[in-house]
Amino acid sequence: MSRVPVAIIGASGYTGAELLRLLIGHPHVDVIAIYANRAAGSSLADVYPQFAGRFDSTIETFDADAVAARAKVAFAALPHGASATAVAELRERGVAVIDLSADFRLDDAKVYGAWYGEHPAPALLADAVYGLPEFHRDEIRAASLVAAPGCYPTSAILAIGPLLAAGMVDSAGLIVDAKSGASGAGRSPGQSTHLPEAGEGIRAYKVAGTHRHTPEIEQELGKLARRDIALTFTPHLAPMSRGIFTCVYATPVDPARDAAAYRAALVDGYAGEPFVTVLGEGRVPDTAHVRGSNRAHVAVAYDRRAGRVIAMSAIDNLVKGAAGQAVQCLNLMRGWPETTALDAVALFP
Amino acid sequence: MSRVPVAIIGASGYTGAELLRLLIGHPHVDVIAIYANRAAGSSLADVYPQFAGRFDSTIETFDADAVAARAKVAFAALPHGASATAVAELRERGVAVIDLSADFRLDDAKVYGAWYGEHPAPALLADAVYGLPEFHRDEIRAASLVAAPGCYPTSAILAIGPLLAAGMVDSAGLIVDAKSGASGAGRSPGQSTHLPEAGEGIRAYKVAGTHRHTPEIEQELGKLARRDIALTFTPHLAPMSRGIFTCVYATPVDPARDAAAYRAALVDGYAGEPFVTVLGEGRVPDTAHVRGSNRAHVAVAYDRRAGRVIAMSAIDNLVKGAAGQAVQCLNLMRGWPETTALDAVALFP
Amino acid sequence: MSRVPVAIIGASGYTGAELLRLLIGHPHVDVIAIYANRAAGSSLADVYPQFAGRFDSTIETFDADAVAARAKVAFAALPHGASATAVAELRERGVAVIDLSADFRLDDAKVYGAWYGEHPAPALLADAVYGLPEFHRDEIRAASLVAAPGCYPTSAILAIGPLLAAGMVDSAGLIVDAKSGASGAGRSPGQSTHLPEAGEGIRAYKVAGTHRHTPEIEQELGKLARRDIALTFTPHLAPMSRGIFTCVYATPVDPARDAAAYRAALVDGYAGEPFVTVLGEGRVPDTAHVRGSNRAHVAVAYDRRAGRVIAMSAIDNLVKGAAGQAVQCLNLMRGWPETTALDAVALFP
Amino acid sequence: MSRVPVAIIGASGYTGAELLRLLIGHPHVDVIAIYANRAAGSSLADVYPQFAGRFDSTIETFDADAVAARAKVAFAALPHGASATAVAELRERGVAVIDLSADFRLDDAKVYGAWYGEHPAPALLADAVYGLPEFHRDEIRAASLVAAPGCYPTSAILAIGPLLAAGMVDSAGLIVDAKSGASGAGRSPGQSTHLPEAGEGIRAYKVAGTHRHTPEIEQELGKLARRDIALTFTPHLAPMSRGIFTCVYATPVDPARDAAAYRAALVDGYAGEPFVTVLGEGRVPDTAHVRGSNRAHVAVAYDRRAGRVIAMSAIDNLVKGAAGQAVQCLNLMRGWPETTALDAVALFP
């Protein structure tokens, strides 16, 4: 089987580097070019020393024609807004695109506008497929433009999705309390991720519905619940590099159901899923157990006294929450086994 | 003013060591003896090298008569059960006690029994005062047996207490989502706090109403709300040593109230409080900003879209959540300025 | 090509788990059984949740006959002493062994005795090959008993080896100052690796020639220098999980040589090496850049003013310092490409 | 006793904030103004939330006349170069100054020039006293311009100073291998202290005599040894906020001396010192045991086999390595007890 030529656009960010880490181990892919305007002209190994001696390449300035001439598929890992513009150019030239920005995750340009500003390419929204294989696998297989989900939405949807879809929890009153490692803030250094200040503390940020992942979580959970959802989302910055641990608090529809029933719904919902592990009864996920892997660990508990279902997940924000999920989508789009290049075990300890 | 002789019982745990750190800087106190059965006979500086060259003493085996002969006040920082037994012996001998275990925090011996086993000294429960000065200051002043609150309860009550007391949020449906550093697990090493496994991950534990601090939070918030409360409490272990960050999610009684109204209630509730700082609008607490200090940072946000009040706090679990609060109670009991020995600024960065 | 059946003995430690992580991705190997007496009967996924959903197996009690009946190669990752006994049983039964303990690293049973106690199987020492491919590749290819090097020795030898072999630095007066993550201490929790105490501090331990890796470093560097070596080795515990950064301080033979000459000697010495990257001039290794990978980053600087050569290396102690190197040896022993199952890029950030 | 009015110039950096933390607890001092040009006009509590509710003040733009009108003593915690200029203005106006920059640490303007550029106020160098009380106490008492030592020099000199002064180790061939927390890099965020990249790795930097603290260490150790010294200094960045652990490797003058003799020399050298603790035989310092305190833990080991003395120290880089030592100098200059405001026990765990 000849290899598929692939380009990575936005290789200087963590998501771009993580894509490269996964794709250079992919048996059916050739990474033929990497782009990053800020770092153009640099050697990859100077920007990311972990590639020294393993893979090197000069980072190029993005040019849609050049990409189209060489690559069949492009991964776009650019900031929002910039991504939509590049994606539009690539789609015009017939390149299949997996976009890791927020630009094609929201179905409605108006909602996008309210959170991100005017959409640069609204006409493409109808073509875009939300790249969460566990809930959109068939659409992804047929897509030529995939919007890889946000890290927080992935963690929240995987935790509570099957329970909402099964009608076991109320779609009103959901609370998503999520704790992320600092790599989610990207590669640009800032006060809030400066080691002396961030290395030994934890805090919430963008509370009370101000984080941009809020409408994305609501949209996707709304589809599963088949009704509009407004929920509370609280992201936190935890003193670590990778990982998101999420608790979704929900009201049970039938208070008499026991914990086993909720767990059974997860087991059913994820039957055959290659990357979602429903933990055994009484077990709780831990981000340390999925670091570096595309796997999600999920579990559910029921607090009968207080009448609350607690659905939990742990993922690696850069893998299942970004680059790994994007590669999973690529595998689906190309008809390859879904786990290709993604079956590494988490790096623990 | 002559100094008051004080004993620390249970000096080999983190809480005992933290008491000592604070009390040896206290101008009106003499720490005349430290007790810890497991470490008896050792030099303190061998058990806790941070004291080398600054304070040293041989750790002794606990003996109630010896304590009563020398000390006017004892701090008990023993495991639950063991603490009640020691406290009973000390109270019989007229020693005032500030107990940092769970043994005298619950008013009802039956509730205690359900969570901890049979109470060793139920007759003393009526004498014990819950040592949270912000809500029980006058009782503490008059007490000779104070139960210093748990770290999680302190963080939860300080976050949401004034809003419940003011009737601004519903007492039903509360959710307490709290993230703690590993020192909360105590000094004994275990798999869950082994650096290679815990240093780069986050997870919940004892979910769905199984953590022993649950009834304590419910009891105290119930007093403020003047009705029984059943709530959901989810503790997490964060990869750091000290600090608890807590979000309390609550349903507003009047959805039309804005965020400023909730903040005003906190400002009112904590007017004159020496150790609670209500952050400015839009600010979020951070455990890094209170590490090593007795201060609590609190804030509140209102998610109007989703109809949810989010009350937040950051404390140092070993100071405001344990030893510092206990010293604050001592100051109240003795009529000293409440901030004596407690006004150090947090160690940041 | 049919797969080679392989057993892992000592699967409950970090080294055993890391072997499994690497070997289940190996295209020519079947892990047919995993052994760990302490955890026998448990499911692997209960002991190491990172394998849940990806690889599961019941951990068995070690039995040499059973291993010999099923496996062609065994990896022994047992404590010293126990390992030699198991290895002897396996070798009697014709099983090729790669041993990750200290038992077969020292050529001389007397030296072993001085550091570890009487050797349980001294007759086997003559058969054992020191498994550092960069300096013993041909011997490893022909071996049926390989002693995988210690993590500290690997880091020290890779840093300074070529300079000693080239006669550019004095073999007398070497100092090895090495900083390791806490996973090097193994999986059993202890005070020195308890997160609250170890997570925010650094210290040396077993200083002044008391660490057992000392004679191993001396033996191997002595072979390269072709004379006996006595050196100073100072290990440190750094507040992180994985990685060793090592500085080797050496006296130059010719003070007039410049830094480029030392770098050139490293480049020559490691020409064609698949896992050693000599960094560019002025670059310094960082353990974060090799975490999870079998790669070593090395560099050298020359302090002309003070007359000192500083050779530096960064490795992942569990991969190039243990399990990865062992798999590299397996590849050599079986004639497979040396990078098989080992070409993953480091997990950064 | 009336309080002495004191100003802090450069309050937006970590050293300035740490000075403030210590000085607001000082019974004989009033911090009457804080200056920081970049943050001028801001509330201190906005820049450093740990002060919220405890001490607040508006940060001002530096003006020498205003300082002179209000303060008797000024602490300058500015970048090198800028500091000398401000100090000159203050000294002209009769303000006593404790300078925490590098500007007055080197006796020789030529040496300063070689490492930092032309000195802005060379005439003042003769007045400046090196503020390491353990070796310059009497001069500090009489000084009106004190240069507080660098963090690395403090750690190195405290470790090996008495052994050099006693002529027990050779002044040639010294190696200083030091590991620092990231707060030493200052408050400005950068790639090298970005949590995702720095939180789980360790590396050297500015190796082979390129770090600016090199001439300072050489100058001060040279004074103790009474001869010129050229040494090798290797700083490392460890994944933590505070602390420096230093090993100084030295050649013994008399190889027959045992470890106890070296320890005795430290005990003698530091007899009566309020902030230096010589650990017991076989003990090794740990930065975790001095975090937040002005104490240094020192120890020495002798590697007889390899003929090397290993002198070790642990300090908090922001306290004994900067602000605490500066306050210690203030106490000496004013004739107050040397430990005033500095006797807090380290924050452990």
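Each chain carries a letter (A, B, C and D) given by its place in the written order, and its residues are counted from 1.
Here is the rule we use: contacts are C-beta pairs under 8 Å (C-beta built on N, C-alpha and C of every residue); 3 or more make two chains touch, one makes a residue touch a chain.
The model shown is predicted, which means the values in this text are computed figures rather than measured ones.
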item	value
From subunit D, the most remote chain by mean C-alpha position	A
More contacts between chains, A-D or A-B	A-B
Computed distance of Cα centres, subunit B from subunit A, in Å	38
Rounded Å distance, subunit A centre to subunit C centre (Cα mean)	36
Whole-Å separation of chain centres (CA-atom averages), subunit A against subunit D	46
Where subunit D touches two or more other chains at once, by residue number	14, 183, 187, 194, 196-200, 239-242, 286, 289, 291, 348-349
Residues of subunit B that touch subunit C when the two form their complex	14, 181-183, 185, 187, 189-191, 193-200, 239-242
Subunit A-touching residues of subunit C, taken from the complex the two chains share	14, 17, 20-21, 24-25, 48-55, 183, 187, 199-200, 241-242, 276-277, 279, 283, 286, 289-293, 295, 297, 343-349
For the subunit C and subunit D complex, residues of the former touching the latter	173, 175, 177, 179, 196-205, 207-209, 230-232, 234, 236, 238-243, 245, 247, 249, 259, 284-289, 291, 301-308, 310, 312, 314, 348-349
